[in-house]
Each structure stands twice: as C-alpha cells, then as structure tokens.
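Both complexes shown next keep chain A, but they swap its partner, so chain B is in the first and chain C is in the second.
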Partner chain A sequence: MKSIITVIIAATLVVFTPTKAQTPEEKGLNISKKAELADNGWGNYSSTSVMTLKNRNGQTTTRKTHGYFMEVEGDGDKSLTIFDTPKDVKGTASMTFTHKVGDDDQWLYLPSIKRVKRISSSNKSGPFMGSEFAFEDLSSQEVEKYKHKYIGLVKLNGVVCYKLERYPIAKTSGYKKVIAYLNKENYRPEKVIFYDRKDSKLKTLTYSSYKKYAGKYWRANQMKMVNHQNGKETLLNFSNMKFNDETITEETYTQNSLKRAK
Partner chain B sequence: MGENKKIQNFANWVVKRRWFVLLGAIILVMSAGSGGRFLTFNNDYHIFFDEDNPQVIAFDELQDKYTKDDNAFIVVVPKSGNVFTKETLAAVEELEQMAWQVPYSTRVDALSNYQHTRSVGDDMYVENLASDIENKSDSALQYIKTIALREPALKNRIVNEEGTVTAINVTVNLPMDSMNAPMEVMAYVRTLVDDWNEKYPEFDTYISGIVMMNGSFAELSMGDMMTLVPLMFLVILLVVFLTTRSISSMFTSLFVLFFSIMTAMGLAGWMGVELTGPSSSAPTMIMTLAIADSIHLLVTMLQLMRKGMPKREAIVESVRINFMPVFITSITTIIGFLTLNFAEGAPFHDLGNITAMGVAAAFFLSIVLLPALVAILPFKVKIKEEKEGKTPLLDKLANFVISKYKPILVVSVIAVLGISYLSLKNELNNKFVEFFDESVPFRSDTDFISDNLTGIYNLEYSLGSGEADGISNPSYLNKLDEFEQWFKAQPEVVHVNSFSEVMRRVNASMHGDDVKYYKVPENKQQAAQFLLLYEMSLPYGLDLNNQINVDKSETRFTVTLKNISSNEMIALTAKAEQWLRDNAPETMFSHGISTALMFSHITKTNMDSMLQGGLGALILISLILIFALRSFKYGMISLIPNITPIAVAFGIWFMIVGEINMAVTVVLGMTLGIVVDDTIHLLSKYIRARRELNKSPEDAIRYAFQTVGRAIIVTTIVLTAGFSVLMQSNFGFNSDMGKLTAITIVVALILDLLLLPALLLTIDKVRTKIKNNL
Partner chain C sequence: MFFNKLGLVAILLLAMSSNIFAQDTDEEIIIEEDLIEEEILEENEPTPVEEVSASKKITTEISGNIRGDYRFYPDDALYPNQEQEYFSAIFNPEFYISWDKGNQLIQFKGFARLNQYDNKQSHWDIRELYYQKVFKKWEFSLGAKQLYWGFTESNHLANIINQDDVLEGSDIKNKLGQPMAHLSFSPKWGIIDLMVMPYFRTLQFPGIRGRGRPPFILDNNNTVYESEMEEYNPDLAIRWSHSIKSVDLGISHFYGTSRLPFIAPIDSTNFSLVYELINQTGLELQATTGSMLWKLEAIYRISERKTIKATTIGGEYTFSNVFKSDIGILVEYTYDDRGNESINGLDDDFFFGLRLALNDKQSTAFLGGFNLDRKKGTLTYFAEANRRLGDSWKISVKTLGFENIDNTDFIYLLRNDGFIEVSLAKYF
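Let's look at the complex of A and B:
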C-alpha cells in the first residue's frame, strides 16, 4: 500500500510540476553552458595587447604583450603570452594551462637566466603585472569554475542581458562572487562586477569594441577594469586578432617552445 | 546720560512685553538651533590641517601613489609566552582569516599568510609561511620560527625578537566621504577580537592603528559632550545657587546658557561645521564664559531687591548698570576666540567661532531674555539692611599692596620675567598617541605595543629612480640598500621596510636559497624578470602595489621609529635628508613624511600664527579699553596685566609639563579675552574713584578692591571650575587646553591683584609728586 501511495504522489508531482520550471541555479548554469557552447570551436587565435595602468593621481604606464591561445576539447584552454615592454622584461614568456577542475598550471620563462620557472599554482588571484586585472580575470572562464545563479533579464545601455551571479569554487579566488551580464542575443559578456571576499564591490570590467571573428566568435577589443576601492583602473586593448593562426599547434605549448617563444 | 537712558527704555520695554520677548527669543533660538541637525562628527585627523598644508599634500600624494594604509593593528600575546606553537599559530591563522571580513579591508598581514619565498629544485615557491598548521610537524614549526625571526619584513613588525608577541595588521581603504567608516571598522574589529578571544581565552589582545585612533578621537569627542556637558551644568547650578541663593536664578541662568549653546551649535550646523575633538568642547567653554553675564545681572538685581526695590525696577536698573561691562567683556572674549582663526585647521577655527557665537548669543540673551524671564518668574527676597560689601580680607589685601607696593612691584616683575623666560624652554611634542589619556584603551594598547613589539611612529619616503621601470636598476637598488642599512644603524629606529629587502630575498630564492645571493641582483634585466615572477606568484591582497608605484619608477620606504619626541624625529629626518643629499642621486631625494611630523610642523606654525593673531587681538582689545576707559595712559598700562599672565602660564607649563602640543598653542587666543575682563573691572573702578570721586591712588585701589574684588575672585573661581571640568576630558587636547587656561586665569587674578595695583600706585604717585612739585 505504502509504495502505491508513494507512486501516486510522485506521479502527481511529475504531472503538476511545470516542466519548464528551473531553479535559478539551474537556469544560471544553463545560460553559462549555452554561452560556452556559443563560443565553442574557435580553435585558436593570436593577438597583441596593450595594457594601460592608471593610478588615482592619473599617472599612467603601459605594458605590451602578444599571445597565442588555443582551445582544448574537454579541458581549459592553453595560452602563451610574451612580454614586449617594459624593455627589461622583453622576451619573458608565460604559459598557462587552464583546467576545468583543480588549479591551473603556469610557467614563466626568464630570458635573463634562460630558465623556465613554475609559478605557485594556488596564487592566481594576485594582480597581473601590477594592473587591476587579476590573473584569474584573464584566464579562460570555464563553466566548472563557478556555481551559477540566474538573477533576471536587465537592460544594459539598451542591450538586453542575462544577469548572472557566479560564485568561484576555488578557495584561492580573490572573489566571493562576480555578477556577469551576458548579451541575450549572442551570450557575449558585456559587463562583469567583482565582489571581494567580504562581499564588497571591488571592480567593474566593461567589454567594448566587439568584433566578430571567423564568422561567429565575438571578441572585445577593449576591456576596461575599474577598481572601486583603490581608484585605479586598467585599460586592455587588443589588436591584430587573428583566428585560425597556422603557427599555433600543440607544439606551441611545451616548456621547450616556451624558451623559444617570440 | 543718553545712552543709559536708551538702555533703560529698552529694559523697560522688555519687562513690559516679557511674553512677547520670551516667545520671540524662543522662535529665534529654535530656528538657529534647528541647524543642529546638520552637525556631524569628523574623525579624520586630516581636518586638523589646512587643505594646502604641504606636508599633508605630500602625505596624501604618497598614499595615492601606492595604497592608502589606514590600518587596524591587532596584537595577540599567548599566555604560554610562545608564539611558535601549533595552538597559537592555528589561532592566529583563524584570526587572520576572520580579519579579511573587516569592512573596507584590502589587505591582512600576519605570520600565517606571510609570503615566504623558498627554492625547491629549480623553482621558486612563494607560499604562506604558517598556514594549515594542524598538519605540520615539529620540525616544520621550528622552521617557521627560524624564518619568522630572521625575515626583516616580520621581525619587530609582526613578531617580536623573543617570539612572545605577534600581530595581525589589517589595512583598510576608507571611503573618502563616509564619516562613520572608522567607527564602523573600529566596532567590527573590536567585536571580531572579542569573539576570537572568547574562543581562545589563552591570549591577551591589544588593538591599535590609525583607524582605532580616528575612531577613538570621535568616541572621545562624543563622550566629552555626553559627560562633560552635564558635569558642567552641575557645576554651574552649584555656582549660581551659591552666589544667588535663589532657585529662580538658577532656572533663569540655565535657560540662558542652554539657549546660548543651542544657538551657537545650531548656527554651526547651518554653517556646515563638522565637529571634532577640540570643537566639541565649545559647549563647555560657552557655559564657562557665559555664566558670568547672568551672574552679574542677577546678583545686582537681587542686591537691589534686598534693599527694597521692586523686582521689575531692580532688573531694569541691573541691566542699566551692567550693560557696558557685560558688553565690553563679551566683545573682548569674542575677539580673543576669533583669533583662533589664525591657527591652522578647521577644529580650532570652529572652536573659536562656535564659542564666539555662543558668547555673543549669551550677551544678547542675558540682556533680552533674562529680564523677560525674571519678570515672569517669582523671586522672593528678604529685605535686609546690607552691610555694604565690605570684605575684611580684601581690605587687608588692599592695605598690604598699598604699603608694600614697591617690593611687590620688584618681586612680581622679577617673577614674571623669570617664569616667562622658562616659557621659551617648552619643547614641541606631538606624539599623537599622547593626545589620549592613559585611561583610553587605544592609548594603553598602543603603549603596550610600542613597548613590546614595534614602534607606532613612522617616517615614510617615496624614493625615485628617475625613470620608468628604473627600480630594477642595480645602482638604484644598491643605493636603496645603503639607505636601508644607514637607517637600521640609527638608534631611534625599530624597523625599516624597503623594497631592496624584497629583491634580496627573491634573488636568494632564485639561486637555491644561497645566502651568498642574499643581495640585490647585479643585472637590471634579471632584477626586472625576478620581480615579474615574484609578483605573478603573489596571492590576492598581498601584492606589491603598496610598495611600488604604477610605472615602477619609485618605491616606498617606511621607517618605524621608537617612541621619540617630535624634536628627535625632526632631527632624524634632517639627518636622513642630508644622507640622501650627500650619497644618493638627485632623483632619489625625498622629504620624510609622517603624521607625527605633520602635527609638529603645524604646532610650530600655529605658535607663530597665534602669536601674530594674539598681537592683533591685543591691539584691538587695547583700543577698546582706551575707548572704554577713556584714557590712553590706562589703556597702555592695561597691556601689562593682559600680556603677562599667558607668558607666566607657559612658564609654569614648562615646570609641570614641559611640552607644547597643538592644543595648547590656541590657549593664547582663548585666554586673552578672558584675562582682560579682570583688568577692565579693576581699572574702570580705579579710574572712576580717581576721576569722579577724586580719591588718592591709594584710596582708589581700596575702592576698586572693595567694589569689584569679590566679583573678580568669584568669576575666577567659576572659570577655573569650568576649565577644570574640561581637564577631566580623556582627550589630551581638551584637558591640556583646560589646564593651561585655568593656570592662565589664576595667574591673571594674582597679577591683577598684586602687579596691577603696584603698577598703578608707582605711576600715579610719581605723577602726583611731579604735579605737586610743579
């Protein structure tokens, strides 16, 4: 008898629960997955970038790099970044393997001593080259690195966006949460707001100058990070973005090639 | 006299239209007082400085260039006496983790998360020194101890040399315009530490830091308002009752005082004043100064009533008699307090202006509201034949002065000159921790910390390399190294935090932790690339942005000092500047910046500007006296008893304290207006006796003593009592101000009763002789 009642109750629940109803968490995860899917298959690209650092007094300084990026099926992406300026670090190269689960791997090649050094993996939330970008802001944003929560649809500068809250899973993350605004039409990020470990608003990242590459992949050519707490900001401009760069292969990402990287 | 008639008519009108006057006064006071809702507390020490103060600009520029480093400094002392046990280190890590939740915190530095660099194989590891302690072996604990007591970045800063005391430094970035932020942080930190301490009772805790200082400033200012003002009211009640023996008088004068304060504070609110430690003492000062007006008016009225005059006539007559002296003493007091505008920093301007407004309000209310109230309230007086105010003691004093005026003159001139000379020997001191009384937790905690762990006073430099990315230049790094060693060799120095230390440490770790490489790299590219690697290895919140500027052309250099005086600090800074001039390239030169030095500089400038302002006020007051006394000669004579009390008081200050801070410099202006009052009363009576009653100088002195001697002594007692209330403040600024003012007022009384009559007798007797000889 008991089991029959259970079955009936369960059946009733199934019948009367609207199939579309998702928890905000499920919906958030779904949207993030769709966003990842929309960008899936980009393969590889290379680009150069100029980072402009500005402090509270308005003093600025620039850092130039160029990099090679490759999509990895089933795991996080690989990247190789070579520093062009400041002069003293010219030729210094960093290689990163992002992972969906666990810590990323990162190496740095120092031309002055001709050595490759591994970087402490747990410390990825520090500032990148003294900028307002943390390393974790620049590495690939894997869905698995966060818990997601859908908040709602909002209009941002006339663009309808999904508003999502994401909670980093790694304990070493510098953030308690990030709020991401994804364009409803094409899932590209328009704005991300970062909250520090005590849940105070820390930084806002705004994406602009979007361009479509290889027919379907949106890339922002400008990213502006404003730190609300210290008044500093960093502007990151990309150029020479080239998709399907034949020079990028699996071989690009070895410690030996890191030493030869140009 | 036409003027007297006018005042009499006015007083009659007030008494007749008492209800209308009362209502009008209430409406006026309420509308002024309603500005009180705009009053806020400002607890940022910046407010003590003018906006264009060069030291403050340099300090703020430094903070903008790197990071703002307001902090809360939590010190924990294990009762076991050993920091390097599993229990202690685990508890410290827990506190460090909790501290990241402090509002506005940007960085937490502790033993647990110190970024220790070491080489493993060919790699450099940058990791927490003492986290995840539960799983560490005894040898690992020993390793942590060795490192902690060796690292220059930790020793004498985060842990003491004996390994018995350790600290957690929480850096906060307070929002610019939130007045409550320091209070919020302070409250949070206190709760945090209490909670932690409850869980770990085997520790003693101490809290210091800039945020705690700012918060304590605000707390004490508010505390002063809460405790001193009621205490002051009590004192006033007592004084009024003792002098008038009338409940209605008590009520009337309380009403006048309360309204005066309300008007002044309300107007301050309308003007957008932000209250601070010094300006929060304004209500106490207003009460002290304003009560005299009421007392004069009420006492005269009651005397007249005792002689049988009806109440309403008596009050009109009292207003007529007292109008001029009350007016003039109010004006001089106002002028004195307005000189505070010559001092630097809004707190003293505000104190001066609010008090001046309060004194002005008290004058008007005493002349307008008080008679109306008296007319309304019942006053019962027993009519009795009064023995006309003869006080045997004052007679004796008068006779003594008259008979011994020559020796008195000689002795008091010598004493005045001698003691005044000592005033020059006062040393400047602005150890801001000492602005707080020892009973304030911030003070006692800070004292403990400076005795047992590290210094509280800093000296900061931003040392330039002359070019972008120049900080990796070996020549720059070597110079930095030398400067660091030079400072470390100075006996006044506890700790030096220099970027060269980071480079030495990283260089060693890049060479297999070889101590031979514990020196700055010899090659610029190497240095730059090592730095890049190191920076990329640092975790959230522990970056080098607090030490390196944005284009890597300058680094921050912080020296922690022992508990030395401002003068020693100034001397050390000068020595360091000389070292930089002699040894370092021009681009590296920087002035030493420190909050303690900032306070010292403004004490110096305040002293100068208060002297100038005081001189101006003195000239103005003397002109008023010349006009009021209608005599150039007596106006000039009055200068002496007006100037000397403050000089003597500073001399006495040298004997009992010996150190001058910002607060006591403003006493100069404050007391000027008060001191003058006694002189005015004595001189005006003396002159009246000479001119109108044709008395000899001796008899004129006796007359002056008999008529106003008692009043002068009573008001001095009232004022001294009032400023003694201020002495009870836990806020060193206010208690010092109260102390020195009280000293000045008592000295003024003594000089007015001895030096002034001796002076008058000497001059007037010589003149009489000359006249007689002619």
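Let's look at the complex of A and C:
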C-alpha cells in the first residue's frame, strides 16, 4: 500500500512538474541567475582601459584608467580604479564596494587635496567623466538590483540570445528599464538597450571582441555605448586584462591603499 | 478578390516598414520552443596569452603643472605700499619613483610662486618629500607629508597635522609640508595612524607690498612659543579611522604645538602670535543615507591657558543627474567657544553652499558659499569655477569677499582684501 502511494506521488511529480509553466518573471530571474553562475569564481583581475568620447561632429577625446577588481563571495564586487588622463585628474582614484542588497559604498580620493570623499550611492545615474556611460553602467551588475522578465529567444546578428527586460529596483537609477540580450550558449551579454525614466529609448551598449580568460570567463574587450538622444557615442576598450593577479589582495581595498594608488 | 490580395500586400508592406514585428533592426525573433535548460558548455578555445609584460622593477613618473594667476582687488588698499592688481607664476612639480613591486617608494611634490610685487608671497615649499615602505597591513613613511582628516566643508576643525599656507589663502588646498615619521596599520577594524613630528612651522603672512595682511608686518619676531624647545618640540598624534557600511568616522588625539596661534596684543598697534602647547581630541563623523551626507566634526582642546570646545555640524544633499549635472546643497553650522580669538572668525556661524558639477567633457565645476555670523552678521563669501580646456589646460575663476565685518574680528584688518582671480594652468 505504502509503495503504491509512493509510486502515485512520484508519478504525479513526474507528470506535473515539467508542465508547470514558469512565469516570464521566474524565467527571466532564472536566466539572470544562470548568467551570474556562469561567471562565478573569477576571483580577481586587473586591466587598463581607454575611453574614447565622440561627439556628433566626430571629434574625439580620450580618458585612460586602470583598475583592480575582486570578487566577493556572497556579495557584490570590490573595485579600485585610477585615472591616468586627462592630466589634471591623474592619480584620482575611486574605490567601490558593490552590494547585492542596499546602497553601494564608494569613495573618491583627490590627490591634490589629499582627501578621501564619500560619493553618495544615489549619485550614480550621472555621466562618468563626460562620457555616455553612467556610473551605474560601470559598476558590477548584480542580479538582485533588478526585477527580471523573460521576453523570448531572438537571433541577434546570427547569435541566439535570451532577450530579457530588467527593471532597476533603485529609485535613483537613471533607467526605467533595460533590455538585455544574453548569448544563449554562454550567457555573456551581447547588447543592452537602456530606456530613460520617461521610457524612451536612450542608449544602446554593444559588447564585442570577446575573449575567454582563465579558461572560463568571457570578457568583452570593447564596449560601445551609443546615445540615441544626443547622437554621441563612447567606445570603451580594455587591454592588459590579467586574471589571478597576485598583487590583488584584501589589502588592495583599504583607504591607505586608495591613497597610495598609482 | 483582387482587392483582398492588394490589401494583404499593403498590410505586409506596412508591417515591414514600421517594424512592428522587430523592435530592433538587427534582431530576429525565433519562434519560441520549449527551452531545454542546458549545462554551460566548457569551450575549448585556447586561453589567450596574457598581454601583461612582467611588472616593471622600477616605476617613475614626472608630472605637475605651471599656472599663471591674475588677481584683482576691487576695493582700495587699506595700507600703504599695497597694489590693486597682481600677476603671479606658480610651479607645482611632482616626482614619484617606486620599486620592490611598489612596496617602496619616494614621493615628491614641490611648490613655488613668483609674485609680481610682494617678496614674501614669492615663496616656495616642499609640500611632500617622503620615503615609504609598505608591508602587507603596515605602512611606514619618513619625510614631509600632507595628511587630511575630516568631512565638513566650511571649517576643518579636526584637521591638525599640516600648517596653513596663508600666503596661498587659508583653504585646505594650501598646506605646508609637515616633517614626520608616520606609521599606519590597517587591520580589519579600521586604520591606526601614529605620527611623530619633530619640527613645527609657523603661519607666514604677506609682506609690505602684499594684500591680505594686517597694518603691520607679521613675521617671526612676533612669534612666541610655549614650548621651551620652540619649533623643535616633538609633536605626537594618534588616530583611529574606519568605515562601517555607510558610516565613516575618525577619532584622533594630538599633543604638541597648536597650529593656530592666539593673538596677544603688545600695545595698541602691535601684537604677537602665541603658539601654545595643546592636547586636542578630535572626532569626525559622516553618515550617508541615500543622497544625503550627514557630517560632524568636534574638538576638545586643552592648554594651560584655556579649554576650548568647537563643533561643525551639517550636511550635503545632492540632486543627481539633473540635466546630466549634479547639484549639491550644503548647510553647516559652527560653534567655537574661542569666539573672536579664532583667526578664521568662525565662532557662531552658518554656512550655505552650492556645488555644481556639469559632468561634461571639460569637467566644468562650480562651488560657492557664504559664512554668516549668527549674532554679528559678519558675512564672508567665496565662489570658484573651473573648466578643462583641451586635454591638458585648465581655466579657473575665483572670488573671495567680506561684508559687514565686525571690528572685533581679526579679518576686520583684511576687510578690503576681497578679490577676483583668473588662473590658467598647463598640466604635464
């Protein structure tokens, strides 16, 4: 008798579980979690970057930075970014602790006055150094910072992608929603479209020159942000990407190290 | 029948041209099948060879800037030999060298100003020149350094290590290098700093042809030390600082010669500046809640002559991304029981300020504000704006002014020395 019941229960589970449809929200969240998992365990890396700002007339300006990034188990990441050009801000350094829940912590060190200043986390929707990237586009993208919705499978320039809508939870975000295209094969982002608070299309971010690091982790060596409202664009190129950089430790992320950063 | 076909073609054309079915031109919709969740496949592409060259043994860096200032004083000079317009040339060289994987370094920051008329304002200084050795959680430095403590904007009570370079204006950008041995330890629970400072530097005031001075020349003949060792009295300081979530705080104690002197009249026209030995405990606190930064600085200072308590409290609220700009509103209040004795005159004063960052390509920024004495009505105001020109030039405009200065305040003697200044700097 007991075994019959067990069989019935098991059969019920087998029959009903797969057919129980996920809502688009559940599916969106699942895909985003899988994407996070696919990139889990990267540890740390350092890189240099060149940002090229281009206005409508095609005139360009560049900004160079280099940075040190560290994964934190169970929370957001830690980063230390140092400005190399323009020359008047050379040596300015920013340290960010991203958190899955709640406000991120961010400090800016200004070498000319030897002062460490706290940047309130709601100040992240503004442009970064006059570029088309906002501070929030450059900080680590935690799953918990959005509500997710699965839209469908699409083919983007021949690549099969999951298309997701994401709604930022923070009221201070500059976006009402973003549409993300994640490569179905490896979950890496291929394209993100940003919609402003009025829900009109604002920017498109395209990832390219992907390379695989440490045998597993995909990083785009080029990110192109096009602003549809002002016609400007910013190209962000990464180089010297080095995973498992032995110079990066817990001590890289103290205020002393922020002041010493070169 | 014919019309039906035509209608169908028309609908198809309309649909294609208006992109009803595709939200983005390079996107095609795949008819959704039931997705089979896949394991992430291990790709067999070879790992690219790391581009980083082996970390260089020695890193050196030469940088800095050259600047020209034009300063105009709209009000007539109060004292003879003073001018209305001054040109200056300023040189700020920097040199950095590190070796031992960046664990040993020498940092140099120099400063020199050549003033058109005043030979005391033409001066130079070693802002920083120190050797530093870094161990995992420890840092040891020896030499002239600049250290900054505190959070408030209108007053810097807790910041006690470096003397003001008054010849450059008494804001935090202009501090004299302080010789010291500095040990810093950063365990999990914050940062502990220990400083031993073997040499003290007095305030320096403009000479006979300079503005921004009392009617007579203040020089080292007016200096009185409480310590028998005078400027060689060893000063000591210790500080603990930490960031706990959204709270930043620091607690410090200083024993030694006070950076700020008190004014002791000698006769009706002359006075001396007395540098006392003090014990000063300082507290700095900053809490961040959303767009608001709450700030507090407080000191408790004991000398043989007097015990002093002073506090600056306030906050800064930022309206972010307003037409791409950040707009900050600052309100602070200072209470200092030194009263008129404090040289900056902040004893019972409100501060209102506005900060603007356009976040544009040229990093255009503005900061302005005023201090208003609650009882005496004394008003001091300042405004500064700057903007990058091209990649390596920067233009700044600055103004400083005084209104309704009470004749018991020290700055009453400087009441006509408000100015407008335009600067152009070239960075290298």
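We adopt the following convention: the second predicted complex is superposed on the first by the 242 of 262 C-alpha atoms of A that agree within 3 Å, B and C clash if a C-alpha of one lies under 4 Å from a C-alpha of the other, contacts with A are read in each partner's own complex, and residues count from 1 in each chain.
Definition applied: a contact is a pair of C-beta atoms (placed from the backbone, for glycine too) under 8 Å apart; a residue touches a chain by one contact, two chains touch by 3 or more.
The structure displayed is predicted, hence computed values, not measured ones.
Partners chain B and chain C, once the complexes are superposed on chain A, run into each other and clash. Touch criterion met: A:229 reaches chain B, while chain C stays clear of it.
In the superposition on chain A, A:118 makes contact with both chain B and chain C. Legend: residue contacts after superposition of the two complexes on their common chain; A:212 is shown touching chain C, with no touch to chain B. More residues of chain A are in touch with C than with the other of chain B and chain C. When the two complexes are overlaid on their common chain A, residue A:33 makes contact with neither chain B nor chain C. Once the two complexes are overlaid on the shared chain, A:56 sits against chain B while remaining clear of chain C. When the shared chain is aligned, no partner comes close enough to touch A:100: not chain B, not chain C.
When both complexes are overlaid on chain A, the residue A:92 reaches chain B alone and has no touch with chain C.
Overlap of the chain B and chain C contact sets on chain A: residues 53, 55, 61, 86-89, 112-113, 115, 118, 120, 122-127, 129-130, 134, 172, 174. If you check the complex, the residues on chain A that touch chain B are 53-57, 59-61, 83, 86-89, 92, 94, 106, 108, 110-113, 115, 117-120, 122-130, 134-135, 172-174, 197-198, 200, 229-232. Those residues of chain B that touch chain A in the shared complex are 61, 64-65, 67-68, 100-106, 122-127, 173, 468-469, 472, 510, 523-530, 532-533, 535-545, 548-552. Residues of chain C that touch chain A in their complex: 23-24, 26-30, 32-33, 35, 37, 40-43, 45, 47-48, 50-52, 55, 59, 61, 63, 65, 96, 98, 101-102, 105, 132, 134, 136-137, 139, 146-148, 151, 172-173, 184, 186, 191, 241, 243, 245-246, 248, 286, 288, 290-293, 318, 320-321, 324-326, 357, 359-363, 388, 391-392, 394, 425, 427-428.
Taken in their complex, chain A has these residues touching chain C: 34, 37-38, 46, 53, 55, 61, 85-90, 103, 105, 107, 112-116, 118, 120-127, 129-130, 134, 152-157, 160, 163, 172, 174, 179, 181, 185-187, 193, 211-216, 239-242, 247, 249, 251, 254-257, 260, 262.
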